[in-house]
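In the two complexes below, chain A is the common chain; its partner is chain B in one and chain C in the other.
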Partner chain A sequence: MGLGFWQIILVAVAVAAAVRYLPVLPRRWRVLASVAVILIFACWMPFTVGTFKTSQMATVATWAIVAIGLNILTGYNGQISLGHGAFVTIGAYTAAILTDNKEHLGFIDASAWPFWLAVMAAGVVAAAAGFAVGVPALRLSGPYLAVASLGLVIALPPVLAKYDSLTGGRLGIRVPQPQPPELLSDLINRDQWFFFLALVTMALMAILAWLIVRSRWGRAFVAVRDSEVAAMAVGIPVARYKVMAFTVSAFYGGVAGGIFMTTIGLITPESVSIILSINYFTAIVIGGLGSIMGSIIGGFILVFLPDLSTDAAKVFFGAQQGKQLWPTVYGAILIGVIILMPHGVAGFVHRFERFRPAHVAQAAKGLPGAMRRTLQRFSWAWDIRPGGRKGAGKS
Partner chain B sequence: MESLGQITTVLTAPTAAFLAAQPPWENPDLFFSQIVAGMATGSIYGLVALGVVLIYRSTDVINFAQGEMALFVTFVGWSLIQADVNYWIVFVLVLALAGAIGALVERTVIRPVEGGPVLNPVIVTLGLFVIFNSLTAFIWAQGQLPKGFPATPLGSQLEVADLGFARITQHQLMVLIIAVAVMLALYLLFNHTKLGLAMRATAQNPVASRLMGINVGQMLMLGWVLSAMVGAVGGILVAPILFLDLVTMLRVILFAFAAAVLGGLDSPPGAMVGGLIIGVVQNVASTYSFGPVFFGPELSLPVALLVLVLILLVRPTGLFGRRAVRRV
Partner chain C sequence: MWIQRAPWFLILALASLLLIAAVACKESKKEDQTPSGQTPAAGVTPGPGVTDTEIKLGTTNDLAGTGGTPYGVITTAIQAYFAKVNEEDGGVCGRDINLIAEDDQYAPALALEKTKKLVEQDQVLGIVSALGTGAHLGAVDYLNDPNGDGDTADGIPDMYVSTGFSGWGDYQKWPWTTGYIPDYVSDAKILAQYINDSHAGEKAGILYQNDPFGQDYLNSIQENLADPGLLVSKQSYEPGAPDVSGQILNIKNDGAEVVVLASVPNNTANAIISANTEGYKPQWVESYVNATTSVAAIIGGGADKIADGFALLAGAVVNNYILDAVGAAADPAMVEHKRIMETYSGPGVSTLSVYGQSLAELEVDTLSRACDNLTRRGLQDAVESTQGFHGTLMLTGVDVNLSPTDHYAIQALQPVRVEANGTLTPIGDVISVD
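On to the complex of A and B.
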């Protein structure tokens, strides 16, 4: 047994940070190189950390896909959805129906689709559902949209349980899981194969998201988020882009649902619970809104924060009580992180990036004077003269 | 967290009570009884929704922890009642505790995230939700759940009150009376005292209020105190009906959110009206299978949510909510 799971993560992050910030590479290659470092570590990990951690990592990658999609909707476009679990469920059912070796509705024949085709179809069906939800969502905003979208994920399980000829009712659908291809079958086992499936899908979806948010669409999403009126005034079709954001975001949910179903081999109406659906939202806010890296951190939060808080609770309250009190620690961590890092973990990292040793030097240069300057800088807080608050508005 | 997993089961439970009743015109007594009983349940949803609205209109925060805070103090009340304390003393103590918790929460965790990114308070209240739920589970779930909670001494849960046109339990009658009393007290507070005026001013325009010499921070804290107390009243009143369990308030809070949204998130009377509508519709629909006739009783919850969404589509800020007008 070499390095433990968290040591590997730490080393990976440290090496990636070193590549990113130390002047060993030409500037333009640094970001790509740090991503490559993370990917190399990710590919090596399943061969050292054991089966359980490998399947957990597969779940991280899967939920990171949902988080990226939800972040496009909430972080870039400013629409809140607490009901993204519904799109994940729809995608999972689509993939399950296409691969379960049974005939459905008279036109889906018994032969199973290849899983990657089924996952694509899951994304497309979920995107259609997202379009159908996105159009009425145009009427709602803020908390009203949040509650209405929560209704979506509450309402879906009874509907799925009711129409059991297609969905298998409460018991759900069990599907045969794909095996690693012949070529690789002595190199990797099934869990490692699933991990690589999820990782590759996540990487592709992250690249797609990166392309989207830097395109004309992405700029329109952000413009609509910041001010609908201003966006309208410069000729952006606001309604079209809001619906588009919902559709793209649901597509991500559906693809993740397809991967999720493939790795579990089973889908039931309650597989994606209401709590999980709300947690997708929590994860992207803590990870960082409007950031793809933040979404991937969100995937980690979804899978590992409960484990971490259990460990912390055991340290604080002893083994027995810790097992019962872990949600208290979990909640406290959520609150603490959001107070200390108002823009999420990704926002914290970005701030850290702008931090230079010169800042420390300047801050240390004669503290009393620095304190006076600080007071002056924040004097708008009590200065009520007109214009006194110049530059103190929204940052 | 396993208890939270049962949420869907709990939500669909009312549909199990689906009865095939006679049509209303053949048994008007049953029909009116169901309406009044629905109003009683609805007024509890309304009280909890009122707590949500009180906070939302002053700070733009939706308090997801509203129900769990009420659950926690109601469990404290249960312990006190087990220790043979008089019911009304317990009532007052529980309200005081709820108020203290509300003040503490506002001061310690809500204030630091105010003025930051808009979604941060949501995360804080979701964190509070988890904390209160797990503390309640840790302290009281060691013994048997669900626990029985007594009705008010004035109205028993078992005896029937005959109103002439309808027959409901005495407790349901008391629930209606207390809910009306709470509404009246809040109306008097907000519209006929200087303190209430200051609170309304703070909700409308914090900067101007501060310039007028109102202590805005204190008013916001008071909003949280009032909201937690109103929520606690809801918890105490619903506990005899649904029994005290870890998921009791989850069911209530979801309907309360629906009620608050239906009535309009910035309108206190709207919250009450929304609660009443949802309570009555839920009760009548589960007795007479109007909606379920076409879809079957399993789908009464989705149908109810569909109705909520349809109403929202017609009136995007609820029945009584003000249309948000944004300055550019």
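On to the complex of A and C.
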């Protein structure tokens, strides 16, 4: 056994950072090599950390797919969606209907589809739903779009419960889970197999996202995000790219839904709750908007931050109280991270990249001034005189 | 520029990262301590989670209430009772019971994840009182067949689940799962019998939640009414709906004199308040999920206005199987319950705390019958051989009988009437549907 789960993560990050930043390799290989390091650790982990952590890691990879898709929409294209859980649910139901042994749609699913085909179909159906949502979403932006998108995830569960001949009602659909292929069945167990499914899918989807954001599409997405007027002026069809971003993003949600359903073996209308759907958005903001690495960090946040909060809460409040007060610590961490790292963890790392030792001396010199300015910035908070805000915060 | 703010930014960020890392390392150290002291006792080699000093059990529940339920206190009550057994009775089988609780936020996927954690990382002997129909449906297949090979021989005892879904008793599909609270179909059967006996010939209506819970009631009431034609009004609402006053108005207009409320506490309270506003006073007949103290508190508008709530709730009929948290306060068993909850940092006395302890008592009894064979199979055999168990907090006449082909624990209920002072008056004998 040797190393625990978190020690392996720390070692993996440390080695990857060393490869990335230390002058060991030629500059152009460094990024690729650090990604390779992370992947090697990821492939080794399931064989040493036990099945529970392995299945948690599979969930990380699954939610990372959602986060990458949502980041294309929000981080690169500037449209906010709090309702991405709806696309995950649609994808999960599509995959479930296609892979269970029952006949629902007649000729289409009379026999169970292989799961990878069902996962792709899940992506396509969700993308179609994303397109259908993206067109009316053109009329909305910013907070208005956020509220409208939240409506999606609120509206979906009762609809799914209503048409229970297709969706199994509130008890949902139970699906026989795929076993590892014969060839590998001696080497890996079912949880490891699910993890590798999720990991490979995530890696492919991340590469696809990397290609998209560097393509003509990606540049158009960013141009539309930064200024619709300017984008229009240089001849970018704004409406088309906004709908396209929604469609691509929903495709990611659908694929993740298919993987999610496969690893659990069950999908119900409440499997992806409203809270989880909002947390997808939280995860990419904390992970880092406009960053694929940030999205993957977002997957970690979704799965492990509640656990870490519980551990921290146990330290503060004792073992029993801690289990009930973890949301308090969780909330405090969210607030703290967003104040300290306003551009998310990925943004923090990018800043760190530009960091030079000389900056420390310079920053140390500026410390008293920085403290004074910070105090001034928040002076209104304790300045209770009427009109006391005058003159404060202007430094 | 950020560099001018760098000290704050860096120092605080690094400090928080260090904190997280410290907690993380501490946690992973704990993980390394896989159960080691598994020295064989006399006879059979103990199963996972059993050492010379400890029996480890697990549970999942909506502990912090993020799933929108008030049921977290059940786990606290169970833990308080186990603490009392460890402290005062020397544990069970000469070992302390250690219940590890995990928060599943009432979500099926998390319930599965946390159950895996309990089984694989904490190596618990069994799961007890997993809560919530929807949530536990996520974990039940895993517990009955952890490796998914279709062979259930390697299952984990899934004891006394805290949900009334009638499907848990399917011992062929889920041989390791046992229910605890009466299933909804049985509850509805006894409510229908009450209507047949005491309100023969009167028109009846039903308000039901449109999900497996509400439909269990609808179907069972329809089947068991002496004259199904008298069920003149059937109104449903979607789970989580804030307002059911429209449905109540329809029931009133259909002329129902007896109204079955197959609804959860929030909706039940809303139904009774809106009927009162309409000046409509039918005979209310409620599902037992409506813990009377909770409903009265919601009607009154807060735990301190519970008396106002009982004033409106008075006269309603509900089935009961454990001692009344308000009316039986002087009962020696309830005095003892209050002492246990206070001494071992349990919750305040409520219907839910009484429930929690009654379940914990059954679990202790089950463990004590598995001392010679503390393996998962041995524990499950003890579950299935429970005969005539009567907990201190159960109503007289309520006994638990289980067998390999009967996985419903409590199957006896007593109709009671809620009085204006909050006490419950029995209106008939305990009825068994075993």
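Going forward, the second predicted complex is superposed on the first by the 359 of 395 C-alpha atoms of A that agree within 3 Å, B and C clash if a C-alpha of one lies under 4 Å from a C-alpha of the other, contacts with A are read in each partner's own complex, and residues count from 1 in each chain.
Assume a residue touches a chain if its C-beta (ideal position, glycine included) is under 8 Å from a C-beta of that chain, and two chains touch if they have at least 3 such contacts.
Just so we're clear, the structure is a prediction, and the values are computed from it rather than from any experiment.
Contact with neither chain B nor chain C is seen for A:H104 once the two complexes are overlaid on the shared chain.
Of the two partner chains placed by superposition, only chain B is touched by A:I80; chain C is not.
In the superposition on chain A, A:Y144 makes contact with chain B only, while chain C stays out of contact range.
In the superposition on chain A, A:L289 makes contact with chain B only, not with chain C. In the superposed model, A:Q177 makes contact with chain C only, not with chain B. With both structures placed on the common chain, the touch criterion links A:R219 to neither chain B nor chain C. Look at A:R30: by the touch rule set out above, it reaches neither chain B nor chain C. In the superposition on chain A, A:S273 makes contact with both chain B and chain C. Of the two partner chains placed by the overlay, neither chain B nor chain C lies in contact with A:R20. Under the contact criterion defined above, the residues of chain A that touch both chain B in one complex and chain C in the other are 158, 161, 270, 273, 275, 306, 324-327, 333. Residue ranges of chain B in contact with chain A, taken from their complex: 1, 4-5, 7-8, 11-12, 56, 62, 109, 112-113, 116-117, 119-120, 122-124, 126-131, 133-135, 137-138, 211, 254, 257-258, 261, 265, 295-296, 298-299, 301-302, 305-306, 308-309, 312-313, 316-318, 324, 326, 328.
Of all residues in chain C, those touching chain A in their complex are 2-10, 12-13, 16, 19-21, 23-29, 31-32, 34, 63-67, 72, 76, 79, 101, 103, 105, 107-109, 112-113, 116-117, 119-121, 134, 137-138, 141, 147-149, 210-212, 238-239, 345.
Residue ranges of chain A in contact with chain C, taken from their complex: 1, 3-7, 9-10, 50-53, 55-56, 59, 158, 161, 169-172, 174, 177, 179, 189-190, 260, 264-266, 268, 270-271, 273, 275-276, 306, 308, 310-312, 315, 320, 323-327, 333, 336-337, 340-341, 348, 351, 359, 362-364, 366-367, 369-371, 373-374.
Listing the residues of chain A that touch chain B in their complex gives 74, 80, 136, 139-141, 143-144, 146-148, 150-151, 154-159, 161-162, 227, 229-230, 269-270, 273-275, 278, 281-282, 285-286, 289, 306, 321, 324-328, 330-335, 338-339, 342-343, 384.
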